[in-house]
Amino acid sequence: MINVTVWNECRHEVEDEDVKEVYPETIGGCIVNNLEPFGFNLTLATLDDPEQGLSDELIENTDVLIWWGHRYHDELNDALIDKLQARVLAGMGLIMLHSSHHAKLFKRLMGTSCNLSWREAEGGERERVWCLKPSHPIAEGIPAQIELPQSEMYGEPFDIPEPDELIFNSWYQGGEVMRSGCTYTRGRGRVFFFSPGHETFPIFRNPHIIRVLANAIQWTNQSHQTGWSLGNWGRPEPLEPGAPRQTYFKKPRKLMVAEKLAASKKPK
Amino acid sequence: MINVTVWNECRHEVEDEDVKEVYPETIGGCIVNNLEPFGFNLTLATLDDPEQGLSDELIENTDVLIWWGHRYHDELNDALIDKLQARVLAGMGLIMLHSSHHAKLFKRLMGTSCNLSWREAEGGERERVWCLKPSHPIAEGIPAQIELPQSEMYGEPFDIPEPDELIFNSWYQGGEVMRSGCTYTRGRGRVFFFSPGHETFPIFRNPHIIRVLANAIQWTNQSHQTGWSLGNWGRPEPLEPGAPRQTYFKKPRKLMVAEKLAASKKPK
Amino acid sequence: MINVTVWNECRHEVEDEDVKEVYPETIGGCIVNNLEPFGFNLTLATLDDPEQGLSDELIENTDVLIWWGHRYHDELNDALIDKLQARVLAGMGLIMLHSSHHAKLFKRLMGTSCNLSWREAEGGERERVWCLKPSHPIAEGIPAQIELPQSEMYGEPFDIPEPDELIFNSWYQGGEVMRSGCTYTRGRGRVFFFSPGHETFPIFRNPHIIRVLANAIQWTNQSHQTGWSLGNWGRPEPLEPGAPRQTYFKKPRKLMVAEKLAASKKPK
Amino acid sequence: MINVTVWNECRHEVEDEDVKEVYPETIGGCIVNNLEPFGFNLTLATLDDPEQGLSDELIENTDVLIWWGHRYHDELNDALIDKLQARVLAGMGLIMLHSSHHAKLFKRLMGTSCNLSWREAEGGERERVWCLKPSHPIAEGIPAQIELPQSEMYGEPFDIPEPDELIFNSWYQGGEVMRSGCTYTRGRGRVFFFSPGHETFPIFRNPHIIRVLANAIQWTNQSHQTGWSLGNWGRPEPLEPGAPRQTYFKKPRKLMVAEKLAASKKPK
């Protein structure tokens, strides 16, 4: 069974009346409830939990992490982000939702500003999520377009590296487009960014959106995590017989350098 | 004329006798000297210069930055790396050489560990840099293979995102291969990683290698840097007439949040 | 000077009154006229010219070929398409416009059906061509969006391989999106597909659209076409001393096979 | 159960004594035998079977097609290749082995010459297949390198489009490298090219190679083939209320054109 941790900032649900109304069970709670029937082992975590919701043990035991953050990205501890980045590189799947485009973790993995254009119209505006790759595992069971009657506009230009695969491409009533479903590989880990999911609209109650999440969990999850890792791999012996071998470092390099520096500082 | 800054750690050249012998003018000096005939406006900078060699003014006036670092990546100020990353995203070209695969700046832009396998055989080993894309601007004038009689092995697995384009692919005498010439786009900036260039071998005296650098300067340089940027672009008005507009935020959002928080803390 | 050949089917301009009105000088003529100020060496060719407009000599002397076809794709000689494909692989730039998505030449280079969804509303509908990569050479001088008041809808799903780079992404009034500016590399040649350009709307009179074409000519043109080619390269001698060499084929392989077959058919 | 068809040219096994010795059960037979334990539904087909081994019914019922061809690519009927290409675009998985790089079907799907460099040393030469993506499904259970003591050299430059993902990268004793494991998506279908597998060496008896094939079957197989297809999708009605609709074509376009042409030919 895939261990899925749903991390949710969960402050809007306390601070904003309109969000409370739309998601009385919180955004994270809604996602967890709706993913239940798919048979994942689901854990809910929030920013205000101890250790910002993500203990070392939980991180270690998470196969796929779903992330929803918005207003308080800056509060996340850098040391926690270090751990999460390392865990993704070691093979954990990662699904970044909506305003998480500006989360520290996403910007770390992309290397860009992840800026975009946006507009939060009162009452929202129509979004159509077009599916470009009907046979991709993430698109299984998804129609050619998902119509969202109320959405926040998140549009181009979106400052991301060229996605490995562009699965969804959104249309907005107000005149914009958005690469709304993008896959990436980072180290051993797979990353999926999915832009729908504003806090004041019941987008996480749309069965197609939930199906995308369930599919993305299956896709980002790596069934085999026991293999060799992408390490800093010093290999003194050549693989080919007769090729030169490394005889250079009789002592560890750091020690050698330390000695040299010490020598260079000696009074003359 | 393209403004090229060649940044070199320039400590090996002080600390190691064998490097001094190979590059008495320093690695950065050798690169600058050999690029002279191509007509760039070249500036040399090193780690031990004031402001670690990269003042705000120099950063601002650099079109393309070439980077060679190895032993002292950790000494680079994070605030400087922030500036350089922002400058790349704003359009500066970047060429990362050899052991700079582990430079803070490169890891920032890639989002991965950038680990690889390596072996420094005494006397080096043969490397063949195969060219996969003969018509790419970076490969102009380059033969199907560049033979380097002495090189340090830098091999796969190399923990990088899938390159936008793989231009060079290296063979090593000891049995390894390496994606040795990789292009990336980050924000408005173009990045080229090139793996040959060990400090104890005269690789930067090889005319093909210098030609690759000159080509890469041309390619990473963006001739048009005056355009619009990839910003955080709030756009209250829809482009389409009749579409919903943003009336939500009568005050700046931050202020609204502050007020709500203040209200929620009021004694009742 | 770059030799640009503008190939135009040029039958709509004869058969359809509404096209005649919009492009009395023909679509190809309009493109040629508007590209004049950029200093290219421009040649106009049409389907009804001798050799379908593309003699061997012209093909050989074309650096960049611009293609607009629609209703008569099937009339193109397969032998001509063979030549053009070979010329692209050898380094000619190629710009495929609008309904050329279904041209034999484009389908050959993509390997897919190149199907899309489409709607030709009377009077057209609004299209917004969003620019995703402001610093790409093809986007030089182009604003964040080009608004086309009248366009034919060409929308997703568009059956193409994942583009090397997605430069433009279009929005349509009727509710669709389209990857409208895509780059590819095939052999030594660069290919740019650009979807705006319906025959009944004066899109090729829009200065931004013309600028995109001029930029794309510069980008698809390979300044160096004299280098080595991507051939079928039998190499009997290993590059490494001591490695096994090919002694297998004392005679040409085809001859060997022919002899074997002859022997096997001998009466016994 | 996944329906896998293993197509093998199967002429070397008749014509060449040395191939008969290495693969008395034929190459296709060896692959089928070694894939048996993985639980696929395997069918063997050869060029000299009726309908060149691939009846319409078999094509329709194949989930994944494995292809090994070499000397007689030209004999394949173009109409059969049309069918196979269409079947891949409709979702069939495809695995192209070794000398199939020059198969009509592969060149169709790539759009390039698929040329490479090659050397068939007597007794072969060592190949090391390096794995670049240890966590990719195709690499499950595969070590960092597969050593093949005897192989034919297939090396760069290899004239293919930039792969979606580069999984394997090979080293050769004679001095070459090769992108030896490449993934592509074409239409709804997934394609994997894998270069090891020369007819005179027992490479298809290597358990790692067989494991790669079994993994690639799982990866290229699309579990969901019932969805909507990437068709030529005329959509007269806009999705957005109020947007212009298509009223232009009261009759089918072809008929309109025919009428116009007829009218234009009328004597006046």
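Every chain is named by a letter (A, B, C and D) in the order it is written, and numbering of its residues begins at 1.
By our rule, contacts are C-beta pairs under 8 Å (C-beta built on N, C-alpha and C of every residue); 3 or more make two chains touch, one makes a residue touch a chain.
Keep in mind that this is a model prediction, so the values were computed, not measured.
Visitor: If you average the CA coordinates per chain, which chain's centre is most distant from that of chain C?
Guide: Farthest chain from chain C, going by C-alpha centroids: A.
Visitor: Return the distance between the CA-based centres of chain A and chain B, expressed in whole Å.
Guide: 24
Visitor: Once you find the CA centre of chain B and the CA centre of chain C, what distance in Å lies between them?
Guide: 32
Visitor: Using mean CA coordinates as chain centres, what's the gap between chain B and chain D in Å?
Guide: Whole-Å distance between the two chain centres: 37.
Visitor: Identify all positions of chain A at which a residue touches two or more other chains, and write them in rising order.
Guide: Counting only residues that touch two or more other chains, chain A contributes 128, 134, 144, 155, 157, 162, 164-165, 173, 175-176, 185, 187, 230, 239-240.
Visitor: Answer with line, ring, star, complete or other to describe the graph linking chains that touch.
Guide: Complete.
Visitor: Using the touch definition from the top, list the residues of chain B that touch chain D in their complex.
Guide: 128, 130-132, 134, 144, 155-158, 162, 165-166, 169-172, 175-177, 179, 242
Visitor: Mind pulling up the chain A residues that touch chain D in the complex?
Guide: Residues 91, 126, 128, 133-135, 137, 139-141, 143-145, 147, 164-165, 173, 185, 187-190, 222-225, 227-230, 239-240.
Visitor: In their complex, what parts of chain A are in touch with chain B?
Guide: 15-16, 71, 85, 89, 108-113, 115-125, 153, 155, 157, 159, 161-162, 164, 173-176, 184-187, 230-240, 243-249, 257, 260-261, 264
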